[in-house]
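What follows is a set of notes on a single structure, which appears directly below.
Letters are used for the chains, namely A, B, C and D, taken in the order the chains are written, and counting of residues starts over at 1 for each.
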Amino acid sequence: MNGTVEDMRVRYFAWLRQRVGLAEEELEPPTEVRTVGALKAWLGERHPRFAEACAAPGVVRAAVDQEFAEDDRPLAGVREVAFFPPVTGG
Amino acid sequence: MNGTVEDMRVRYFAWLRQRVGLAEEELEPPTEVRTVGALKAWLGERHPRFAEACAAPGVVRAAVDQEFAEDDRPLAGVREVAFFPPVTGG
Amino acid sequence: MTVRIVEGPFDPAAELAGFARGREDVGGIASFTGIVRGEHGGESILAMTLEHYPGMTERQLARIEAEARARWPLLDVLVIHRVGRMLPGEPIVLVATASAHRAAALEACSFLIDWLKTRAPFWKLEETPSGARWVEARASDDAAAARWER
Amino acid sequence: MTVRIVEGPFDPAAELAGFARGREDVGGIASFTGIVRGEHGGESILAMTLEHYPGMTERQLARIEAEARARWPLLDVLVIHRVGRMLPGEPIVLVATASAHRAAALEACSFLIDWLKTRAPFWKLEETPSGARWVEARASDDAAAARWER
(Lines give C-alpha, C1' and ligand atoms only; values in the text may rest on other atoms or scores of the structure.)
Protein backbone atom coordinates (compact mmCIF):
# COMPACT_ATOMS: atom_id res chain seq x y z
CA MET A 1 0.00 0.00 0.00
CA ASN A 2 2.58 2.56 -1.06
CA GLY A 3 0.31 4.39 -3.49
CA THR A 4 1.31 2.33 -6.54
CA VAL A 5 -1.50 2.03 -9.06
CA GLU A 6 -1.62 -0.57 -11.82
CA ASP A 7 -4.07 -1.20 -14.64
CA MET A 8 -6.41 1.55 -13.62
CA ARG A 9 -9.50 2.15 -15.73
CA VAL A 10 -10.41 5.82 -16.18
CA ARG A 11 -13.92 6.65 -17.40
CA TYR A 12 -15.45 9.89 -18.66
CA PHE A 13 -19.14 10.78 -18.84
CA ALA A 14 -21.43 13.32 -20.50
CA TRP A 15 -19.72 16.36 -22.05
CA LEU A 16 -16.42 15.45 -20.41
CA ARG A 17 -16.46 12.21 -22.44
CA GLN A 18 -17.08 14.26 -25.58
CA ARG A 19 -14.29 16.75 -24.79
CA VAL A 20 -11.75 14.04 -24.01
CA GLY A 21 -12.94 12.07 -27.02
CA LEU A 22 -12.91 8.82 -25.04
CA ALA A 23 -15.42 6.93 -22.88
CA GLU A 24 -12.68 5.08 -21.03
CA GLU A 25 -9.02 4.16 -21.10
CA GLU A 26 -6.77 1.70 -19.28
CA LEU A 27 -3.82 3.50 -17.73
CA GLU A 28 -0.83 2.87 -15.52
CA PRO A 29 -0.16 6.20 -13.80
CA PRO A 30 3.34 6.70 -12.35
CA THR A 31 3.79 5.91 -8.67
CA GLU A 32 3.84 9.58 -7.67
CA VAL A 33 0.19 9.91 -8.76
CA ARG A 34 -1.30 9.01 -5.40
CA THR A 35 -4.59 10.93 -5.23
CA VAL A 36 -7.56 11.87 -7.39
CA GLY A 37 -6.20 15.41 -7.61
CA ALA A 38 -2.81 14.18 -8.80
CA LEU A 39 -4.52 11.92 -11.34
CA LYS A 40 -6.49 14.88 -12.68
CA ALA A 41 -3.28 16.84 -13.19
CA TRP A 42 -1.57 13.88 -14.85
CA LEU A 43 -4.56 13.24 -17.16
CA GLY A 44 -4.60 16.94 -18.00
CA GLU A 45 -1.17 16.55 -19.59
CA ARG A 46 -2.54 13.86 -21.91
CA HIS A 47 -5.87 15.59 -22.61
CA PRO A 48 -5.64 19.40 -22.86
CA ARG A 49 -9.44 19.78 -22.91
CA PHE A 50 -9.70 17.76 -19.71
CA ALA A 51 -7.19 20.16 -18.13
CA GLU A 52 -9.32 23.07 -19.37
CA ALA A 53 -12.45 21.63 -17.74
CA CYS A 54 -10.59 20.97 -14.47
CA ALA A 55 -9.42 24.58 -14.38
CA ALA A 56 -12.98 25.75 -13.69
CA PRO A 57 -13.87 25.13 -10.02
CA GLY A 58 -16.61 22.64 -9.18
CA VAL A 59 -17.16 21.45 -12.74
CA VAL A 60 -15.34 18.13 -12.81
CA ARG A 61 -16.55 15.61 -10.26
CA ALA A 62 -14.92 12.25 -9.55
CA ALA A 63 -15.88 8.78 -8.42
CA VAL A 64 -13.44 6.15 -7.17
CA ASP A 65 -14.58 2.57 -7.52
CA GLN A 66 -18.09 3.95 -8.12
CA GLU A 67 -18.21 6.16 -5.03
CA PHE A 68 -18.10 9.96 -5.17
CA ALA A 69 -14.59 11.12 -4.22
CA GLU A 70 -12.77 14.38 -3.57
CA ASP A 71 -9.33 15.41 -4.81
CA ASP A 72 -7.58 14.14 -1.68
CA ARG A 73 -8.89 10.58 -2.09
CA PRO A 74 -5.91 8.15 -2.21
CA LEU A 75 -5.69 5.86 -5.22
CA ALA A 76 -3.92 2.88 -3.62
CA GLY A 77 -5.63 -0.33 -4.73
CA VAL A 78 -8.18 1.50 -6.85
CA ARG A 79 -9.40 -0.16 -10.04
CA GLU A 80 -11.69 2.44 -11.55
CA VAL A 81 -11.83 6.22 -11.47
CA ALA A 82 -14.54 8.21 -13.26
CA PHE A 83 -14.77 11.92 -14.10
CA PHE A 84 -17.98 13.71 -14.99
CA PRO A 85 -19.88 17.01 -14.72
CA PRO A 86 -22.46 17.62 -11.94
CA VAL A 87 -25.32 15.15 -12.25
CA THR A 88 -28.66 16.17 -13.82
CA GLY A 89 -30.96 13.14 -13.59
CA GLY A 90 -34.44 12.70 -12.29
CA MET B 1 -82.67 41.80 8.52
CA ASN B 2 -83.73 41.85 12.15
CA GLY B 3 -82.41 38.38 12.99
CA THR B 4 -85.69 36.66 12.29
CA VAL B 5 -85.22 33.10 11.03
CA GLU B 6 -87.86 31.11 9.21
CA ASP B 7 -87.94 27.57 7.90
CA MET B 8 -84.41 26.79 8.86
CA ARG B 9 -83.06 23.33 8.13
CA VAL B 10 -80.78 21.93 10.82
CA ARG B 11 -78.58 18.97 9.91
CA TYR B 12 -76.51 16.62 12.06
CA PHE B 13 -73.61 14.44 10.95
CA ALA B 14 -71.59 11.46 12.17
CA TRP B 15 -71.96 10.57 15.86
CA LEU B 16 -73.85 13.79 16.54
CA ARG B 17 -76.52 12.57 14.12
CA GLN B 18 -76.67 9.29 16.03
CA ARG B 19 -76.86 11.02 19.42
CA VAL B 20 -79.59 13.39 18.34
CA GLY B 21 -81.36 10.56 16.57
CA LEU B 22 -82.06 12.74 13.53
CA ALA B 23 -80.21 13.52 10.31
CA GLU B 24 -82.12 16.77 9.84
CA GLU B 25 -85.10 18.77 10.95
CA GLU B 26 -86.99 21.83 9.75
CA LEU B 27 -87.28 24.40 12.51
CA GLU B 28 -88.51 27.91 13.14
CA PRO B 29 -86.38 29.19 16.01
CA PRO B 30 -87.73 32.16 17.98
CA THR B 31 -86.53 35.61 16.92
CA GLU B 32 -84.18 35.92 19.88
CA VAL B 33 -82.06 33.06 18.48
CA ARG B 34 -79.80 35.26 16.40
CA THR B 35 -76.45 33.40 16.31
CA VAL B 36 -75.06 29.90 15.91
CA GLY B 37 -74.24 29.90 19.62
CA ALA B 38 -77.81 30.82 20.53
CA LEU B 39 -79.12 28.15 18.17
CA LYS B 40 -76.92 25.56 19.87
CA ALA B 41 -78.35 26.49 23.27
CA TRP B 42 -81.92 26.43 21.94
CA LEU B 43 -81.41 23.03 20.24
CA GLY B 44 -79.88 21.72 23.47
CA GLU B 45 -83.24 22.24 25.17
CA ARG B 46 -84.90 19.98 22.59
CA HIS B 47 -82.08 17.39 22.45
CA PRO B 48 -80.38 16.71 25.80
CA ARG B 49 -77.63 14.64 24.18
CA PHE B 50 -76.87 17.52 21.82
CA ALA B 51 -76.50 19.77 24.86
CA GLU B 52 -74.17 17.18 26.41
CA ALA B 53 -71.95 17.15 23.31
CA CYS B 54 -71.89 20.96 23.19
CA ALA B 55 -70.75 21.11 26.81
CA ALA B 56 -67.35 19.66 25.84
CA PRO B 57 -65.20 22.38 24.25
CA GLY B 58 -64.20 22.04 20.60
CA VAL B 59 -66.27 18.95 19.91
CA VAL B 60 -69.28 20.35 18.09
CA ARG B 61 -68.46 22.26 14.91
CA ALA B 62 -70.94 24.21 12.81
CA ALA B 63 -71.52 25.19 9.21
CA VAL B 64 -73.91 27.90 8.05
CA ASP B 65 -75.17 27.56 4.50
CA GLN B 66 -72.37 25.03 3.97
CA GLU B 67 -69.55 27.24 5.25
CA PHE B 68 -67.72 26.61 8.53
CA ALA B 69 -69.01 29.04 11.16
CA GLU B 70 -68.21 30.04 14.71
CA ASP B 71 -70.68 30.62 17.57
CA ASP B 72 -70.91 34.37 16.87
CA ARG B 73 -72.07 33.86 13.26
CA PRO B 74 -75.44 35.67 12.75
CA LEU B 75 -78.34 33.60 11.47
CA ALA B 76 -80.25 36.31 9.60
CA GLY B 77 -81.33 34.98 6.20
CA VAL B 78 -79.74 31.59 6.78
CA ARG B 79 -81.43 28.54 5.27
CA GLU B 80 -79.27 25.67 6.54
CA VAL B 81 -77.18 25.09 9.66
CA ALA B 82 -75.22 21.90 10.25
CA PHE B 83 -73.57 20.51 13.37
CA PHE B 84 -70.91 17.83 13.37
CA PRO B 85 -67.77 16.58 15.13
CA PRO B 86 -64.27 17.48 13.86
CA VAL B 87 -63.77 16.12 10.35
CA THR B 88 -61.76 12.93 9.75
CA GLY B 89 -61.65 12.40 6.00
CA GLY B 90 -58.81 11.74 3.60
CA MET C 1 -58.99 20.61 -12.74
CA THR C 2 -61.29 17.91 -11.40
CA VAL C 3 -62.88 17.25 -8.01
CA ARG C 4 -65.03 14.15 -7.68
CA ILE C 5 -66.95 12.41 -4.91
CA VAL C 6 -67.53 8.75 -5.79
CA GLU C 7 -69.78 6.22 -4.08
CA GLY C 8 -68.13 3.05 -5.33
CA PRO C 9 -64.59 1.74 -5.71
CA PHE C 10 -62.20 3.65 -7.98
CA ASP C 11 -58.84 2.76 -9.47
CA PRO C 12 -56.12 5.33 -8.67
CA ALA C 13 -53.74 3.86 -11.26
CA ALA C 14 -56.33 4.16 -14.01
CA GLU C 15 -57.16 7.70 -12.91
CA LEU C 16 -53.47 8.64 -12.93
CA ALA C 17 -53.02 7.06 -16.36
CA GLY C 18 -55.46 9.58 -17.79
CA PHE C 19 -54.23 12.51 -15.73
CA ALA C 20 -52.28 15.14 -17.67
CA ARG C 21 -51.87 12.68 -20.56
CA GLY C 22 -50.63 14.12 -23.84
CA ARG C 23 -49.42 17.37 -22.29
CA GLU C 24 -45.84 18.36 -23.05
CA ASP C 25 -45.69 21.19 -20.54
CA VAL C 26 -45.90 18.89 -17.50
CA GLY C 27 -42.51 18.16 -15.97
CA GLY C 28 -43.73 16.41 -12.85
CA ILE C 29 -46.78 14.68 -11.43
CA ALA C 30 -47.13 14.06 -7.72
CA SER C 31 -49.83 11.91 -6.20
CA PHE C 32 -51.10 10.68 -2.87
CA THR C 33 -53.47 7.75 -2.44
CA GLY C 34 -55.07 7.11 0.94
CA ILE C 35 -56.02 3.49 1.56
CA VAL C 36 -58.20 1.77 4.19
CA ARG C 37 -55.89 0.00 6.60
CA GLY C 38 -56.73 -3.39 8.08
CA GLU C 39 -55.67 -2.29 11.55
CA HIS C 40 -55.97 0.85 13.68
CA GLY C 41 -54.83 1.35 17.24
CA GLY C 42 -54.17 -2.35 17.63
CA GLU C 43 -57.63 -3.42 16.53
CA SER C 44 -58.67 -5.07 13.27
CA ILE C 45 -60.68 -2.97 10.87
CA LEU C 46 -63.35 -4.98 9.07
CA ALA C 47 -64.73 -2.07 7.06
CA MET C 48 -64.78 1.70 6.96
CA THR C 49 -67.73 3.95 6.18
CA LEU C 50 -67.15 7.51 5.03
CA GLU C 51 -70.01 9.89 5.75
CA HIS C 52 -69.94 13.37 4.23
CA TYR C 53 -71.99 16.53 3.87
CA PRO C 54 -73.14 16.58 0.23
CA GLY C 55 -72.89 20.05 -1.22
CA MET C 56 -70.55 21.41 1.41
CA THR C 57 -68.00 18.72 0.53
CA GLU C 58 -67.84 19.73 -3.13
CA ARG C 59 -67.73 23.40 -2.16
CA GLN C 60 -64.87 22.91 0.29
CA LEU C 61 -62.88 20.70 -2.07
CA ALA C 62 -63.27 23.26 -4.88
CA ARG C 63 -62.06 25.97 -2.52
CA ILE C 64 -59.05 23.96 -1.34
CA GLU C 65 -58.18 23.15 -4.94
CA ALA C 66 -58.44 26.84 -5.93
CA GLU C 67 -56.19 27.76 -3.00
CA ALA C 68 -53.57 25.26 -4.21
CA ARG C 69 -53.71 26.71 -7.72
CA ALA C 70 -53.31 30.23 -6.30
CA ARG C 71 -50.22 29.19 -4.34
CA TRP C 72 -48.41 27.02 -6.89
CA PRO C 73 -48.15 27.11 -10.71
CA LEU C 74 -50.19 23.96 -11.30
CA LEU C 75 -51.10 22.76 -14.76
CA ASP C 76 -53.66 20.26 -13.51
CA VAL C 77 -55.19 18.96 -10.29
CA LEU C 78 -57.24 15.85 -9.59
CA VAL C 79 -59.03 15.08 -6.32
CA ILE C 80 -61.19 11.97 -5.95
CA HIS C 81 -62.73 11.06 -2.60
CA ARG C 82 -64.80 7.97 -2.02
CA VAL C 83 -67.79 7.90 0.35
CA GLY C 84 -69.88 5.04 1.71
CA ARG C 85 -68.67 1.68 2.96
CA MET C 86 -65.32 0.27 1.89
CA LEU C 87 -62.96 -2.54 2.80
CA PRO C 88 -59.31 -2.66 3.92
CA GLY C 89 -56.95 -2.24 0.98
CA GLU C 90 -59.45 -0.10 -0.94
CA PRO C 91 -58.54 3.49 -1.87
CA ILE C 92 -60.34 6.29 0.00
CA VAL C 93 -58.81 9.32 -1.64
CA LEU C 94 -56.55 10.28 -4.53
CA VAL C 95 -54.87 13.66 -4.92
CA ALA C 96 -52.72 14.35 -7.99
CA THR C 97 -50.97 17.51 -9.14
CA ALA C 98 -49.14 18.37 -12.35
CA SER C 99 -46.66 21.18 -12.78
CA ALA C 100 -43.72 22.19 -14.96
CA HIS C 101 -41.45 21.65 -11.95
CA ARG C 102 -41.38 19.03 -9.25
CA ALA C 103 -41.33 21.22 -6.14
CA ALA C 104 -44.69 22.79 -7.01
CA ALA C 105 -46.28 19.41 -7.74
CA LEU C 106 -44.96 17.79 -4.54
CA GLU C 107 -45.74 20.68 -2.21
CA ALA C 108 -49.22 21.23 -3.63
CA CYS C 109 -50.00 17.53 -3.29
CA SER C 110 -49.04 17.59 0.42
CA PHE C 111 -50.99 20.80 0.92
CA LEU C 112 -54.13 19.40 -0.73
CA ILE C 113 -54.26 16.26 1.38
CA ASP C 114 -53.42 18.17 4.58
CA TRP C 115 -56.20 20.70 4.04
CA LEU C 116 -58.65 18.11 2.77
CA LYS C 117 -58.14 16.15 6.01
CA THR C 118 -58.96 19.13 8.19
CA ARG C 119 -61.34 21.25 6.07
CA ALA C 120 -63.56 18.91 4.09
CA PRO C 121 -66.65 17.52 5.86
CA PHE C 122 -65.94 13.78 5.92
CA TRP C 123 -66.28 11.47 8.90
CA LYS C 124 -64.90 7.95 9.24
CA LEU C 125 -66.75 5.14 10.96
CA GLU C 126 -64.65 2.02 11.56
CA GLU C 127 -66.14 -1.44 11.96
CA THR C 128 -64.07 -3.56 14.34
CA PRO C 129 -64.70 -7.01 15.85
CA SER C 130 -65.87 -5.21 19.01
CA GLY C 131 -68.26 -2.88 17.22
CA ALA C 132 -68.35 0.30 15.19
CA ARG C 133 -66.55 3.44 16.32
CA TRP C 134 -66.17 6.93 14.92
CA VAL C 135 -62.57 7.87 14.20
CA GLU C 136 -61.35 10.77 16.31
CA ALA C 137 -59.67 13.76 14.73
CA ARG C 138 -55.90 13.72 15.23
CA ALA C 139 -53.88 16.63 16.56
CA SER C 140 -51.14 15.65 14.09
CA ASP C 141 -53.53 16.37 11.21
CA ASP C 142 -54.22 19.84 12.59
CA ALA C 143 -50.47 20.41 12.93
CA ALA C 144 -49.86 19.25 9.35
CA ALA C 145 -52.57 21.58 8.06
CA ALA C 146 -51.25 24.49 10.14
CA ARG C 147 -47.90 24.29 8.31
CA TRP C 148 -49.68 25.85 5.34
CA GLU C 149 -51.31 28.75 7.20
CA ARG C 150 -50.10 32.19 6.21
CA MET D 1 -38.21 -2.49 -2.23
CA THR D 2 -37.32 -2.16 -5.91
CA VAL D 3 -34.83 -0.01 -7.82
CA ARG D 4 -34.79 -0.39 -11.58
CA ILE D 5 -32.95 1.22 -14.50
CA VAL D 6 -34.89 0.73 -17.74
CA GLU D 7 -33.78 1.39 -21.30
CA GLY D 8 -37.20 1.67 -22.93
CA PRO D 9 -40.49 3.39 -22.16
CA PHE D 10 -42.30 2.44 -18.96
CA ASP D 11 -45.84 3.05 -17.73
CA PRO D 12 -45.97 4.74 -14.30
CA ALA D 13 -49.69 4.00 -13.90
CA ALA D 14 -49.17 0.30 -14.54
CA GLU D 15 -46.20 0.27 -12.14
CA LEU D 16 -48.27 2.01 -9.46
CA ALA D 17 -51.14 -0.40 -10.00
CA GLY D 18 -48.91 -3.24 -8.91
CA PHE D 19 -47.19 -1.32 -6.13
CA ALA D 20 -48.18 -2.33 -2.62
CA ARG D 21 -51.19 -4.20 -4.01
CA GLY D 22 -52.96 -6.54 -1.63
CA ARG D 23 -51.32 -5.10 1.47
CA GLU D 24 -53.63 -4.06 4.28
CA ASP D 25 -50.98 -2.27 6.34
CA VAL D 26 -50.48 0.52 3.80
CA GLY D 27 -52.40 3.68 4.68
CA GLY D 28 -50.87 5.94 2.07
CA ILE D 29 -48.94 5.81 -1.17
CA ALA D 30 -47.11 8.87 -2.48
CA SER D 31 -45.59 9.07 -5.93
CA PHE D 32 -43.66 11.40 -8.15
CA THR D 33 -43.32 10.99 -11.90
CA GLY D 34 -40.82 13.11 -13.83
CA ILE D 35 -41.71 13.68 -17.46
CA VAL D 36 -39.75 15.04 -20.45
CA ARG D 37 -41.00 18.55 -21.19
CA GLY D 38 -41.40 19.87 -24.72
CA GLU D 39 -39.76 23.16 -23.80
CA HIS D 40 -36.84 24.30 -21.66
CA GLY D 41 -35.51 27.80 -21.23
CA GLY D 42 -37.67 29.06 -24.07
CA GLU D 43 -36.42 26.50 -26.58
CA SER D 44 -38.25 23.47 -27.97
CA ILE D 45 -37.04 20.08 -26.83
CA LEU D 46 -37.18 17.50 -29.60
CA ALA D 47 -35.77 14.66 -27.52
CA MET D 48 -33.83 13.98 -24.34
CA THR D 49 -31.06 11.42 -23.84
CA LEU D 50 -30.22 10.22 -20.35
CA GLU D 51 -26.66 8.97 -19.93
CA HIS D 52 -25.68 7.21 -16.73
CA TYR D 53 -22.82 5.36 -15.05
CA PRO D 54 -23.89 1.71 -15.00
CA GLY D 55 -23.00 0.07 -11.72
CA MET D 56 -22.55 3.31 -9.80
CA THR D 57 -26.14 4.29 -10.61
CA GLU D 58 -27.62 1.15 -9.08
CA ARG D 59 -25.31 1.46 -6.09
CA GLN D 60 -26.26 5.08 -5.44
CA LEU D 61 -29.98 4.46 -5.89
CA ALA D 62 -29.84 1.51 -3.48
CA ARG D 63 -28.05 3.72 -0.96
CA ILE D 64 -30.56 6.57 -1.31
CA GLU D 65 -33.43 4.11 -0.95
CA ALA D 66 -31.84 2.59 2.19
CA GLU D 67 -31.41 6.09 3.64
CA ALA D 68 -35.12 6.80 3.07
CA ARG D 69 -36.06 3.55 4.80
CA ALA D 70 -33.81 4.41 7.73
CA ARG D 71 -35.45 7.82 8.13
CA TRP D 72 -39.12 6.93 7.65
CA PRO D 73 -41.21 3.84 8.48
CA LEU D 74 -41.75 2.76 4.88
CA LEU D 75 -43.52 -0.43 3.96
CA ASP D 76 -42.43 -0.34 0.33
CA VAL D 77 -40.38 1.79 -2.06
CA LEU D 78 -40.23 1.78 -5.86
CA VAL D 79 -37.73 3.72 -7.95
CA ILE D 80 -37.65 3.39 -11.74
CA HIS D 81 -35.35 5.57 -13.84
CA ARG D 82 -35.22 5.44 -17.61
CA VAL D 83 -31.99 5.89 -19.57
CA GLY D 84 -31.33 6.39 -23.29
CA ARG D 85 -33.23 8.57 -25.73
CA MET D 86 -36.83 9.63 -25.00
CA LEU D 87 -39.42 12.05 -26.32
CA PRO D 88 -41.41 14.91 -24.74
CA GLY D 89 -44.33 13.59 -22.70
CA GLU D 90 -42.50 10.36 -21.84
CA PRO D 91 -41.73 9.50 -18.20
CA ILE D 92 -38.10 9.72 -17.07
CA VAL D 93 -38.44 8.67 -13.46
CA LEU D 94 -40.98 7.25 -11.02
CA VAL D 95 -40.60 7.28 -7.25
CA ALA D 96 -43.29 5.70 -5.07
CA THR D 97 -43.43 5.16 -1.32
CA ALA D 98 -45.89 3.26 0.86
CA SER D 99 -46.36 3.76 4.58
CA ALA D 100 -48.96 3.29 7.28
CA HIS D 101 -49.26 7.09 7.50
CA ARG D 102 -49.27 9.80 4.89
CA ALA D 103 -46.57 12.11 6.26
CA ALA D 104 -43.92 9.39 6.00
CA ALA D 105 -44.94 8.47 2.46
CA LEU D 106 -45.05 12.09 1.25
CA GLU D 107 -41.81 13.21 2.89
CA ALA D 108 -39.87 10.14 1.82
CA CYS D 109 -41.09 10.59 -1.76
CA SER D 110 -39.81 14.20 -1.82
CA PHE D 111 -36.54 13.12 -0.21
CA LEU D 112 -35.98 10.33 -2.72
CA ILE D 113 -36.43 12.50 -5.78
CA ASP D 114 -34.35 15.34 -4.27
CA TRP D 115 -31.43 13.06 -3.47
CA LEU D 116 -31.74 11.12 -6.71
CA LYS D 117 -31.41 14.39 -8.62
CA THR D 118 -28.19 15.36 -6.88
CA ARG D 119 -26.56 12.03 -5.97
CA ALA D 120 -27.26 9.56 -8.76
CA PRO D 121 -24.95 9.65 -11.80
CA PHE D 122 -27.33 10.63 -14.60
CA TRP D 123 -26.75 13.32 -17.21
CA LYS D 124 -29.34 14.85 -19.53
CA LEU D 125 -28.64 15.77 -23.14
CA GLU D 126 -31.39 17.84 -24.77
CA GLU D 127 -31.95 17.94 -28.52
CA THR D 128 -33.25 21.33 -29.64
CA PRO D 129 -33.81 22.82 -33.12
CA SER D 130 -30.46 24.60 -32.73
CA GLY D 131 -28.56 21.48 -31.70
CA ALA D 132 -27.87 19.24 -28.73
CA ARG D 133 -26.90 20.63 -25.33
CA TRP D 134 -26.08 19.13 -21.97
CA VAL D 135 -28.43 20.25 -19.22
CA GLU D 136 -26.66 22.22 -16.50
CA ALA D 137 -27.07 21.33 -12.85
CA ARG D 138 -29.42 23.69 -11.04
CA ALA D 139 -28.64 25.41 -7.75
CA SER D 140 -32.30 24.91 -6.78
CA ASP D 141 -31.78 21.13 -6.94
CA ASP D 142 -28.80 21.41 -4.59
CA ALA D 143 -30.90 23.55 -2.25
CA ALA D 144 -33.76 21.04 -2.33
CA ALA D 145 -31.37 18.19 -1.53
CA ALA D 146 -29.70 20.18 1.25
CA ARG D 147 -33.03 20.43 3.11
CA TRP D 148 -32.55 16.77 4.01
CA GLU D 149 -28.97 17.05 5.29
CA ARG D 150 -28.49 16.36 8.95
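Observations on the model:
Keep in mind that, in the parts below, a contact is a pair of C-beta atoms (placed from the backbone, for glycine too) under 8 Å apart; a residue touches a chain by one contact, two chains touch by 3 or more.
Keep in mind the model is a prediction, meaning the values are calculated, not measured.
Chains that touch both chain B and chain C are absent from this assembly.
Here the chain-to-chain distance from chain A to chain D, counted in touching steps, is 1.
Each chain gets a centre from the mean of its Cα atoms; for chain A and chain B, those two points are 73 Å apart. Annotation: 23 Å between the Cα-based centres of chain C and chain D. Inter-chain spacing, taken between the CA centroids of chain B and chain D, is 49 Å.
Annotation for chain B: residues touching 2 or more other chains are 90. Looking at chain C, one finds that residues 34, 102, 113 touch two or more other chains. A complete list of chain pairs in contact reads A-D, B-C, C-D. Touching chain D in their complex are the following residues of chain C: 11-14, 16-17, 22-35, 37-39, 88-89, 100, 102-103, 105-106, 109-110, 113, 140, 144. Across the complex, chain A is touched by residues 34, 50-53, 55-56, 59, 81, 92-93, 113, 116-125, 134-138, 141 of chain D.
Across the interface of their complex, chain C is touched by residues 11, 13-15, 63, 66-68, 82, 84-90 of chain B.
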